[in-house]
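Shared chain: chain A. Partners: chain B in the first complex, chain C in the second.
Let's look at the complex of A and B:
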């Protein structure tokens, strides 16, 4: 790594570098240069990430309605309230159901598309672009198409028109809590938007698999198709798959855009289908501006995500070097 | 150009049938993926009656090109202003984030400093905290700065991404040292080496990260919604969302607005897709 070095020292080695610099520039330290490069960024990170987290942790022990300054110390009361609040707990349940739907289907479809596209001889770039194209669309725009065109209410909308062709009864897609038809809209919307993104990750993973492995499998008489996939492709894609599952799970935890836009109307947000972020949004920035409870909820959510991430890391060995 | 695994099998009859099946499946999937874009354009060019007609048809009977002009002439809809806000926010955030992160990444990767590991640990720690969970606390800080409903409030918190800085650090670690060494021998300082040698030789990576940043910034919704409390500071996403949940909806205008809002990204997509794909691959693998 150090390459040819005229002074014969290892550049990565600080003391050798200092000596060389000292020879050239006189006694000079590198820390001013370090701070010129890293300082502005770090200052912003402290102000807009670290300070907010500390402030939030403090606020979570206080009563803070309609104000962002702590007013009355309430100890753990906010945490107790949130953890016994059936709406907040229901929001965690909503997330869990959503994750159970979205994570496996995303992995399966994006891996399936990647395998199909990877083996193409013609028009590979074309198909990759088409499946990746929804990534250029925002959740807001997608929600608009889903809500006002595909899953529009009874009597109009593409989904009901198609059902009508088969003489199936019209479905009130977004306004029915039981059965929860709105899940169809929520899940298909996210699949459409993110499957292409993860397909690109899988394609990159497939490209890194050495061709010799397949040649060896062919020579050894492995049947093309399932055997090769099971014993060569899948194990080689392990790191990518783990990354996709993890990214997916975190993204599902942060679900906000499509829930907010699909479900809310001029009449407000229905009591069902509120994932944690939607719940916190209405708690902290809704009518009551309850920053104390909102902060406690954010801390709980951050801890939960932390635990899940660590567990997942332990389970799949994420971050471990192969 | 295909994976070698296809070589042994593709020429057989079985391989040919497999190829036909694959292409059929892909064409069908591609049509499904393109359908929402078609609906966007169809509804943007249809009349309100045709968007909500009980006897829905795939093609509208007449195309109303006037819908586009109507959108920008409608004084009750701050569409042009919201688009301008979005352009400002995305461009400044992209340039700012790439500049700040690449500098920080370079410093961390290349400038020896006794406590660099501590700084790096602090940055990596922020990766563990999902950005969306911090929206309440960040709102608290930005609100006490008095930045609610300002462009500053929209832009500045998004300039500092620990993730992007970390990506740049990893990239600069593998940047060939010889180039910089030559520059140093020629008397350039750290800044000169960074600005005249490293940056010009990293344009591909910078473009990849820049395109991803632009995409994320343009499509961001939660933060602009939280901070844009009056319509003068709406981004196009917040504007669309507000029109969607308004009492009275002008449907055809709404669909034209949505189509207009994805145009910049489609352009990015068509012309910079190489960088976009590279950026996704880079940022995904390390995520």
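Let's look at the complex of A and C:
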């Protein structure tokens, strides 16, 4: 027995050892495959994302005109310059105007569309696709369509043709800063491109609300419509709404394509429609080639986005268990 | 173990690795224009051009490059924002060896981006139009070989002006009045670009009242806010009067708004003459920008793209030799480049004097305007940040209606700060 036990024990030990060895061997055999697939992307990430971020942070403490090699250490001077630069601060002001327009409007329209599509009894997939489709369009292409076909300032532009039917004179949509008609083009473009995406997020949120809650509400006497929406749907969508607001706000900070492509002319770009990324582009990557100040501005902007995100998370309890 | 379809795991992995490596290599390659299909032997040098609108120019410059035997010259034709792309490329090591730009800027020279070309001119130096050579000269050294002179002027539709009882404007007040009279439900009186001229007019309004961007020695601001404010206020009045065409599908440099009958007058350039002639025959005339007040003169901005050598090039001497060969030794190429495709004035006076296209009609009028009023707009001391400060002020005044005097004072402050940085 004991011999069998011993043998059995040996066998058990041996098989455990074999399994461990096999696992180790398996891991050893899969490591090369892992690195073949992950390595190039990791290298790309380090080379094209992390290294530039670190390099940019380093450059922000140096004078670097017409060069990406640090030349003269200037300490925090670039940061002080940027924080006292009226143009950079004005660009933050432009962002604020944009965010005030775009964030609540996007949330309202995408939530409205989600509610409509969610309750559809037929062709639900068709309407979801129709509203989501613009999200697949490039900002640059959409901006060109907006600029050349819809909101050009001549009599045969789409918007002016419609106005012409009501005997309204041509409106120079993108040229006029007083009144600032260019905001109509900027806001409608982004709305068209992004409400479909956020509608899908809200749809996912709506589908997660248990039907029993509505049934219980009706049993308790809640009236279908606003009352149910106010006391059941909206609170249940809190996490989704906070996420949508957060993503919207970050996207508004990063606005570049539609501003640049709609507002630039052959010889320049107006200062009154210059959000932070466009301003930093002209400072660092445009003909300004001032990488020291540009990098300081980028760091300030990144910190600002981080602070706003954290504050918003604290305020609305993003990520907190319901 | 080999799979039934004949692909082993190792084979799949190797293939995937190969694909990834190929993709990574393709993605990493920055296109500097250097390739393998050049015409000559010797080093391979990259030459950059911005995109010219005239048909045939691209083929012509590639033909010149192919004819050069001492180096393998690869031409890169750049559509879109050439100036920004060039500025970015010159910062790194992947920039072109030879490239064109309209002015050698002081900050580029300070950053050691431009090679000194003074020694390549020799006796030919006196044959170049002095004003455009000055635009390439910093501290007595020449950094670019001018290729072609371009100029801007005001096109007007003769028959439409005659019908409205308006003559070609000679003062800013006349221009505003003519624009108003020529405006009706279908046609606007004047097109100065989709931004109302804020971007393109540049120094022109200052010249029209006897001022300029910078002082003669390029070290001080050349205009005063109080004196310059009225002319910009007049531009704002014109902008808000409803007589300017705004938001045209093509901007000021393209004459299509003028040829399609969207506007009676348009600010554009010499290059547009062939297209306008083809569309309107002789029913158009050209004049200079009218004077702003009695202290100013009619204004004609001129500029010239010049061939420049990247000081960081690995083949500086070869690049200099090629630039000399192309734009100094081979005078026939400059004649072909300037006169066979579009409409440019050759930078060399000996070639310009023999140009038939410039001896009659609108071409002759344009040359006369250049000789009487032509001034180089972009000078070496006028850097990009200064230009941004100035055009920001113009945008705010003309398009937003901001106070001209305070906007110009802000611009002067920024320009002055730049000047102090440059000459500290």
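As a convention for this text, the second predicted complex is superposed on the first by the 271 of 322 C-alpha atoms of A that agree within 3 Å, B and C clash if a C-alpha of one lies under 4 Å from a C-alpha of the other, contacts with A are read in each partner's own complex, and residues count from 1 in each chain.
The rule is simple: a residue touches a chain if its C-beta (ideal position, glycine included) is under 8 Å from a C-beta of that chain, and two chains touch if they have at least 3 such contacts.
Quick caveat, the model's predicted, so the values are computed rather than measured.
When the two complexes are overlaid on their common chain A, residue A:157 makes contact with chain B and with chain C alike.
When the two complexes are overlaid on their common chain A, residue A:288 makes contact with chain C while staying clear of chain B.
When both complexes are overlaid on chain A, the residue A:33 reaches chain B and chain C alike. Of the two partner chains, chain C is the only one that A:178 touches; chain B does not reach it. Touch counts on chain A: comparing chain C and chain B, the chain ahead is B.
Of the two partner chains placed by the overlay, chain B and chain C both lie in contact with A:265.
Residues common to the contacts of chain A with chain B and with chain C across the two structures: 33, 36-37, 40, 44, 68, 148, 152, 155, 157, 265-266, 285, 291.
Residues 9, 13, 16-17, 20-21, 24, 83-84, 87-88, 90-92, 107-108, 110-111, 113, 186, 193-196, 198-200, 240, 242, 245-249, 251-253, 262, 384-385, 388, 391-392, 395-396, 399-401 of chain C are the ones touching chain A in the complex.
Across the complex, chain A meets chain C through its residues 32-33, 36-37, 40, 43-44, 65-68, 87, 148, 151-155, 157, 169-170, 172-178, 265-268, 270-272, 282, 285-291.
Those residues of chain A whose C-beta lies close enough to touch chain B in the complex are 1-6, 11, 14, 17-18, 30-31, 33-38, 40-42, 44-45, 47-53, 55-56, 59, 68-69, 113, 116-121, 127-150, 152, 155-158, 161, 192, 196-198, 200-201, 204, 206, 209, 211, 214-215, 217-218, 224, 228, 239-240, 243-244, 246-247, 250, 253-254, 256-257, 260-261, 264-266, 277, 280-281, 284-285, 291, 294-295, 297-298, 301-302, 305-306, 309. Every residue of chain B that touches chain A in the complex is listed here, in rising order: 1-6, 8-10, 19, 22-23, 25-26, 29-30, 33-34, 36-37, 39-40, 43, 51-54, 56, 100-101, 103-104, 106-108, 111-114, 116, 119, 122-123, 126, 128-144, 156-157, 159-160, 162, 165, 176-178, 181, 185, 189-191, 194, 215, 218-219, 221-222, 225-226, 237, 240-241, 244-247, 249, 251, 254-255, 258, 261-262, 265-266, 268-269, 273, 276-277, 280-281, 284-285, 287.
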